[in-house]
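Here is the structure we will look at, set down as structure tokens.
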Amino acid sequence: MISFEHVTKRYGERLALDDVTWRMEEGECAVIHGHSAAGKTTLLRLITHETQPTSGVVTVGTFRGGRLSRSHRALLRRTIGVIYEDFRLLPDRTVYENVALSLYIAGQHLEADLHPKVRRALHEVGLEAHRDLLPAELSYGERQRCAIARAIVNRPALILADEPTGALEPKSAAEVLSLLLRIHREGAALLLGTTRAEVANVIGGRRYVLEDGRLRDAAVAAPAGAAAGGA
Amino acid sequence: MFLYFWREAWRSFRAHRGLAVTSVLSLTAALTLCGIFVLFDHNARQALNAIGDRREMIVYLKDDISDVQLSTLTDKVKLYFGEPTYVSRQQAWTELSEQLGDPALLSGVEDNPLPASLRVRLKPELLNFTAMEQAAKQVLEFPEVEDVRYGAEYVRRLDEFSAGMRATAWAAGGVVALAIVLMLFNTLRLTLLARRHQVEVMLRMGASDRFIAMPYVLEGLMHTGLAAVASLLLVFALQQGLTTRLAGLTFLPWTWSLSFVLLALGVAWVASTAALNRILRTIGS
Amino acid sequence: MFLYFWREAWRSFRAHRGLAVTSVLSLTAALTLCGIFVLFDHNARQALNAIGDRREMIVYLKDDISDVQLSTLTDKVKLYFGEPTYVSRQQAWTELSEQLGDPALLSGVEDNPLPASLRVRLKPELLNFTAMEQAAKQVLEFPEVEDVRYGAEYVRRLDEFSAGMRATAWAAGGVVALAIVLMLFNTLRLTLLARRHQVEVMLRMGASDRFIAMPYVLEGLMHTGLAAVASLLLVFALQQGLTTRLAGLTFLPWTWSLSFVLLALGVAWVASTAALNRILRTIGS
Amino acid sequence: MISFEHVTKRYGERLALDDVTWRMEEGECAVIHGHSAAGKTTLLRLITHETQPTSGVVTVGTFRGGRLSRSHRALLRRTIGVIYEDFRLLPDRTVYENVALSLYIAGQHLEADLHPKVRRALHEVGLEAHRDLLPAELSYGERQRCAIARAIVNRPALILADEPTGALEPKSAAEVLSLLLRIHREGAALLLGTTRAEVANVIGGRRYVLEDGRLRDAAVAAPAGAAAGGA
């Protein structure tokens, strides 16, 4: 589903990704664990084609490398649910509208179809009570939950989660991670980037360590469930 | 689908009410200017037709022609050039006195020096400078004719005026269309820039350009539609106000009004679609 | 301190280049309109002074007055009313023939029916409708005078015209000032709305309203200054272009030009300060 | 320096803070530990007068309760350095300019004064190399460091830190916390809000627990230094 072949990404003279080769199949689950500024977000951005590699080829689904046309890029992105590290909620829409937008963009315009899906997603992240608040009126953790609801509401084929529990205390974090795992088990591929070892442990799946732009395969861990509450 | 776009357009309209109001106001200003111009053009055409009636040729007759000669001449003139009216020497004298204003001025004149004449209201096809010149030459050939006068200068000016009018019409139309395009372009650019973050996020969520642009196109159409109707009302008010002074100033027929609105909407549609395409490209990935 | 504000103003100017250009363009349009008006007002004043020379009174003389009577009358008129010029019966006749255009028309008239007259170029203080009426009455009292004519209607129109001119000047000035205020208000509002997030953050960092507003005030002044100079150049170009057709059209003296720019800047300063105060309050805490 | 007297804050019918009474002296250090949506950010916003209590009195320094005038509010805020949970960097200014802005606002306009201060702050958070990048060009952790630099550059009398290590991996987090503690020891009061027990442990000082809007005093903990790496 995703494959990186000798991908290098430079920003000016700063090397963000250094000769990364890596692939991930449909329905697979992978964690990229790395310190801050290791290049995790850069790697995810290459997948969504927000940025282009300096050299090497990124293939996502049937979209292979190079610059995509605007409409192809849009098409690609509609199959991916991204949880951004900085959430990227629309500040002038309520929680409900933010989540519903995902469905509108995917071409679902029937209220009758839409409404139950949005409600289910809000229920899954525990934001039903906040559906009519604007993002600015949410606590930081609630905003992150809203971002997660938006990414999963359409049950995309691939979920990219960039530090999806950064704003949550351990208990909520565990809940959110198990939600993501459940959706993964329903068939979605899940790629999660994090700076925290405990998150990586909970997710299990294939585990990569990203250190100063170099990707290292850290064997397959058993999908643990205990280490989460640890701190 | 369509409902969603209209709802979004309405949201944007309300969210940027100040911007919307300014946009509608400046569009109204531009369109009113254009409307006033169309109004005057419309009335000028009507007036020109009316003035056309007065483009006459005066055929001065020799003093010694007989009634038979006169009536043959009248018939010939009627056949080839237009509707003749006979003005006797006495009538000519009375008219001159009236024109001079002070009848006393001519009271000392005992003998009437003025000739009789035929005033010819020319046929429409002769109503331009060259044709008139031609006609005058032909009339002068008749033996009964002393002299021919026609408003050569006057007609030339009228021709120039109406040509100028038409040129100005095109120029003004072009300028206003350009102004509308620029204004819409700018309003849309500002609306989108004020929502740059939102647009970026939507692009990242996979929204197509059309999906993002449509509400703004609709908003632009709303602005323009409002402005077009408002400017027609303004022009109507102007016409009502002026009609007391410039008697006979008539309002545009409803077909003109309708095409005016539709044309404005058309320009707005093209302008905003083009603008949004460009702006979305600069906002980016 | 001041350096910082200028740098910020420059940054904002560059960051919103499109907005800046539109703002400058629309300000230029408004100011050019105003400038054209001032130019015509300036020239109209000069023209009015010149036209004033032609506001004359014609005193028709009785046919039977003697040279002595004529010269006393001339002296008296000169003393009280203005500069008289004597027009003999013969001169009057010649002029009439010329006015009629076709000398043949009057060739049959043997006896010249026209009276002699004095053309009086009135003193400046008599150059208004009521004073002229008064003067005419007084002149009519002289026994040598048959009749008095003066351009009553003409003078009244001229008076009305110049009063209208002055009223229009004020109205146009007011409208343009208002337009500038609105335009600046809107441009500043949009600039600040496009930077709403930044402004909010600065308010939270403890920036005073003045600290935030100053760069935008300077930016508004920059726009206005540019627009004022540009519009003066346009008006100058217009004057140069028209001077061939409307001979004697002169450009504004430099004092007028300078006050024009300064006035525009003053309006801009007041407008942008007021606007920013309001906008900052709506952006909030 | 700060005192809350029976402060209650409601948003509509949602109770964010419930009869909170609490005080903090000059130069003191305190941690507010609470789950997501407990009301931590609301409490900090009351201190900076971004919002007004529904009832009760908030006193900060010499500014006692009620609505402050705009200029007083600005004056108050200039004595406080705030690290926001969502950073609130200015997106159109470089890292250097973001940090320098703090000094400009405080009325320092001399390049010669300003430059060394900004450099020191950037050095303290380890962002010297990124001084000419825009916030959007930083990694998420780097953005948080920039926010910290901006808050401390002027050495304010009071530092409010809202989850200041949320985007950092444990090692960087420990560095940042020790930086904050050092500045506290130089004389600044420090009030830190967090969802994470390990952060609360590192800071030590007076420790409060905020649970569903109610503030509980959790005795004074010894300024530990060991529990941090635990993850």
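The letters A, B, C and D name the chains in turn, as written, and every chain counts its residues from 1.
Assume a contact is a pair of C-beta atoms (placed from the backbone, for glycine too) under 8 Å apart; a residue touches a chain by one contact, two chains touch by 3 or more.
Everything numeric in this text was worked out from a predicted model, so none of it was measured.
Engineer: Distance from the CA centroid of chain B to that of chain C, rounded to the nearest Å?
Structural biologist: About 28 Å, centre to centre.
Engineer: With chain centres taken as the means of their Cα atoms, state the distance from chain A to chain C in Å.
Structural biologist: 68
Engineer: Chain A to chain B: how many Å between their CA centres?
Structural biologist: Roughly 63 Å separates the two chain centres.
Engineer: Can you list the chain B residues in contact with two or more other chains?
Structural biologist: Only 197 qualify.
Engineer: Indicate which of the five shapes (line, ring, star, complete, other) describes how the chains touch one another.
Structural biologist: Per interface graph, the chains form a ring.
Engineer: Which of the chains are touching one another, listed as pairs?
Structural biologist: After working through each pair, the chains in contact turn out to be A-B, A-D, B-C, C-D.
Engineer: Spell out the part of chain A that touches chain D in their complex, as residue ranges.
Structural biologist: Touching chain D from chain A are residues 11, 35-37, 41, 85-86, 137, 139-142, 162-163, 166-172, 195-198, 230-231.
Engineer: If you look only at chain C, which of its residues touch chain D in the complex?
Structural biologist: Those in contact with chain D are residues 1, 3-4, 11, 15, 195, 197-198, 201-209, 211, 285.
Engineer: Of all residues in chain A, which touch chain B in the complex?
Structural biologist: Residues 48-51, 70-71, 73-80, 82, 88-92, 101-102, 104-106, 109, 150 of chain A touch chain B in their complex.
Engineer: Quick one: in the complex, what on chain C touches chain B?
Structural biologist: Listed in rising order, the residues are 16, 18-19, 22, 96, 104-114, 182, 186, 189-190, 193-194, 196-197.
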